[in-house]
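Okay, got some structures for you below.
Two complexes are shown next, each including chain A; its partner changes from chain B in the first to chain C in the second.
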Partner chain A sequence: MDYLASVFAVWIRLYPSLMTGFAITVSLALAAVPLALAGGLVLLPLRMWSGRLVRALAGTYIEFMRNTPLLLQIYLIYFGLPLFGLFPSEFTCGVIGIALQHSAFLVEIYRGGIEAISQRQWEAARAIGMVRYTALRHIILPQAALRILGPIGNQLIILVKDTSLVSAIGVAELTMTGKVAIERLAATLEIFVAIGLLYLLLTSALGAGLRIIERRVSEWLG
Partner chain B sequence: MNILISNLPYLLKGAMITLALAGVIVTVGNLLGLLLGAVSALVGRLGQSLITLYIFVLRGIPVLVIMLLGYYMFPALGYRVPAYVAVATAHIVYVSAFVAEIVRSAINSVPTGQIAAARSLGMRRFGILREVLLPQATRIAIPPLLNNSLTAIKQTSYVSVVGVWELTYAAREVVERTLASFQIFLGVMAIYFLICYPLSLFARWCERRTTVIQ
Partner chain C sequence: MTSRRNFVTTGLGLAVGAGAALAETRSAAAQSTDPAVKSKLDEVRARGKVIVGVTSEAPPFGFVDEKGELVGFDIDVAKLIAKGIFGDDTKIELMKQGFAARWPNTQNGTIDFGIMVTTIYPDRVLQVAFTRPYIDSGIVLVVRKDSPVKTIADLNKAEYTVAHLTAPVQEERGKRLYPNAKFLTFDAISAQFNAVKLGRATACQLDAPVALYYLKDNPEYRVLDEWLTDVTGNGVFLRHDDFKWWLFLDTMVAEMMGGSRYSDYKAIYKKWFGVEPKRARA
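For the complex of A and B:
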């Protein structure tokens, strides 16, 4: 009992700082998710461009972002931009880094979804007189959207966990708050349990929300 | 470019450590995860729930937090181990949860009718796993396992945040000394790219081979 009491004492003492860290983690995620989703949409037409040069350039960029660690991308932005006279805040650098890498993963998910729709669907749409845009809008995209919702959700959960990397450039989000508390209080396990639970709460809530959205969309699209 | 070239030997030394770390973590992490995934097909309900809990907890927490946990918990429990060992152990545990989930869902994707058929032929649990489930699950699991290993290799760079010296740590040292942040970080990213890209091409090739054409 004494031990449990001491655990709660640590948690109560840390509650304000952990909540501040948690709020910063959530804001990082809230800022990066729409940027990453939109970034993927910007890259998509370039990745599927009819001209070979544009397509190759977009492909090279995407492969480079997918096959290098996010931590280094964040470092490159945070320590590299000052060389060009730009001094964005740590928070901004983190959000940009996360959004850039995840948009490269998301664009491949989008593309996979579109390419998985059989070529015959295109041909059938064209045969009944639809122009390319109408076919894409009414035939291809609804089917692709259904297929890619699951993978997009998984990617967003990875994104939320990746916000912990921003602690490496000094943003006091949840991981950083926990690390500082451990070094100060030496109540290692208690603090880890608290941080772990907060992250689990965040990722499971997101997972549950995404599943609801997925069900709604599939009902709506039929 | 000159600064990158003159510091390349130092960075390559870091790359060697990264490769060694990645080799150990990917190998042991995959083996442990395969074991957990296969065991969950053999054990009863309690064992399955424990493995489910293991997977759920580890997959829901950032790898950096798990690495910090490894770094601080060994000393807190009274074990004096080198930082390399502590952080690599934590990373292995983390990777194993993802592998276990991939293996488990691959095994579950084999139609249950086949298990019933095998049982009606008089096969035991272990025999069913070895002769019926694993051969089919392997085909399904290989591409996601390769992609997971790729993620694990990239994640080894995060150990530098905890204070373990490898390629990313070396890069930060060189940048602090030379202030050539753009060239050094881009150069180091190119090294990571050279390590990861061939593997990612291989994963995609496997994916194409194992996908059934609709």
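For the complex of A and C:
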């Protein structure tokens, strides 16, 4: 039991620095989540464009963003932009990297949700005289929204955990704070467990929030 | 409501489980205080080879060469220790490990000892034991060749940024020597260099041999003529509570630094750093 006491002693000693790191992780997530959600919405019409060229270009971009490692993308943004004379802060580079990759995943979730609605619903809506926009707005989107909420929640939880990759470019977020503390105290396991619990706290809170939203939306849509 | 309660219980369960797992690893380690348990020295001799934790990410101390072999100053010192145990420097298993992994691997006995550019630091000694230093590497600052910075004092301006490694001593030195500069922290030496190369940082702080090694192939950098005066003792690290093993390793290091193994040590030093070591206090 005296070992557990020493673990708690490490945790108490690190409490201020871990909280600072935790606050930066939360800020990263708060900045990246809306950007990723909005980025997906921007890409969505391009990905579903009727013209083949635009659709192919959007598709290629999305595949590139989805199929290369986020760590690599963050490195490219952080160390690549200076070659063009741009020096955004490491925090900004991290947020951009995370938002870009996750918007590419999110647009596919949006698209999947819309395409999953039967073609007959479109035909029925058009048959009773709705124009394409009205059909989309009143028939297709409400049904699609309900179906994609779950997958979106999943994606956002992955996003929150991905913020740890930003430690590679020197953002002093939770994982980085932990790595620095490990270097100092040589207490690897104790510190990784503390960090793990803090991530768990954050993703659990996010998950709980998302479940409430999902319930509200389903009640609202009947 | 039930789902929420379940969730809380699960969370608590996980936390308690994690704590228990930690406690378990520790009680296994604590057994070594029992005199009936064999020392690592006996274990290693019975096994017929010694398992050493090393890095492959810090040339010239430990890295993979063009032939794909793990080489470096630390590796050669480890082999010298293996030779001291068995009279044969091939009776060694080199285990590559990440910097964060070296502490638990030492505590749970996965490695017999570690030697990987590890600075002796009081907080660390609470967790693992160190031998006396086997090298004082010296610390330098590296800037781009075209940088206006000439001295350490020049760096002490708010418009300059210095790239540090996660090692605690680097930031402490920075706060003392150039407190007005902005600091950046990376977890890899290559990222420190990239930061300087691409203008993310004005300078980076490095162990002198590491810096000199990189500079051989990268003429676009230069080392500030003014070296940091700090003593940085790198030590061999091992599990606490094993006096016999610690005494053996510490004696080996003492013999290398100024005793019967000094000529071997000197040859290794010359091979990797191109100069002879300052004769250490015996």
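In the analysis below, the second predicted complex is superposed on the first by the 221 of 222 C-alpha atoms of A that agree within 3 Å, B and C clash if a C-alpha of one lies under 4 Å from a C-alpha of the other, contacts with A are read in each partner's own complex, and residues count from 1 in each chain.
One rule holds for everything that comes next: contacts are C-beta pairs under 8 Å (C-beta built on N, C-alpha and C of every residue); 3 or more make two chains touch, one makes a residue touch a chain.
Since the structure is predicted, the reported quantities are computational estimates derived from the model, not experimental observations.
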Request  = With everything superposed onto chain A, say whether chain B and chain C fit together or clash.
outcome  = clash
Message = Quick one: is A:165 in contact with chain B, with chain C, with both, or with neither? Answer first, second, both or neither.
response = first
Inquiry  = One more residue to check, A:155. First (chain B), second (chain C), both or neither?
reply    = neither
Message = Once chain A of both complexes is superposed, is A:118 in touch with chain B (first), chain C (second), both, or neither?
response = first
Query = Counting only touches as set out at the top, which of chain B and chain C does A:68 meet: first, second, both, neither?
reply = first
Task = May I ask you to decide whether A:195 touches chain B, chain C, both, or neither, giving the answer as first, second, both or neither?
result = first
Query = Should A:76 be classified as contacting the first partner (chain B), the second (chain C), both, or neither?
reply = first
Message = Once chain A of both complexes is superposed, is A:90 in touch with chain B (first), chain C (second), both, or neither?
response = second
Task = Quick one: classify A:179 as touching chain B (first), chain C (second), both or neither.
result = both
Message = In the overlaid three-chain picture, which partner chain does A:203 touch, first (chain B) or second (chain C), both, or neither?
response = first
Ask   = Now that the structures are stacked on chain A, which of 93-101, 147-155 or 201-209 shows chain C clashing with chain B?
value = 93-101
Key: Doubly contacted residues of chain A, that is, touched by chain B and again by chain C   = 79, 82-83, 167-168, 179, 182, 186, 188-189, 192, 196, 200, 204
Inquiry  = Quick check on the complex: what are the chain C residues that touch chain A?
reply    = 4, 7, 11, 14-15, 18-19, 22-23, 25-27, 30, 99-101, 103-104, 121, 123-124, 126-128, 163, 166-168, 184-188, 191, 194-195, 198-200
Note = chain A partner, complex, touching residues on chain B are 56-57, 59-65, 68-69, 72-73, 76, 150, 154-155, 157-158, 160-161, 168, 171-172, 175, 181-182, 185-186, 188-189, 192-193, 196-197, 200, 214
Note = As the complex stands, chain A meets chain C at residues 1, 3-4, 7, 78-79, 82-83, 87, 90, 167-170, 172, 176, 179-180, 182-190, 192-193, 196-197, 200, 204, 208
Query = Quick one: in the complex, what on chain A touches chain B?
reply = 63-64, 66-73, 75-76, 79-80, 82-83, 118, 161-165, 167-168, 175, 178-179, 182, 186, 188-189, 192, 195-196, 199-200, 203-204
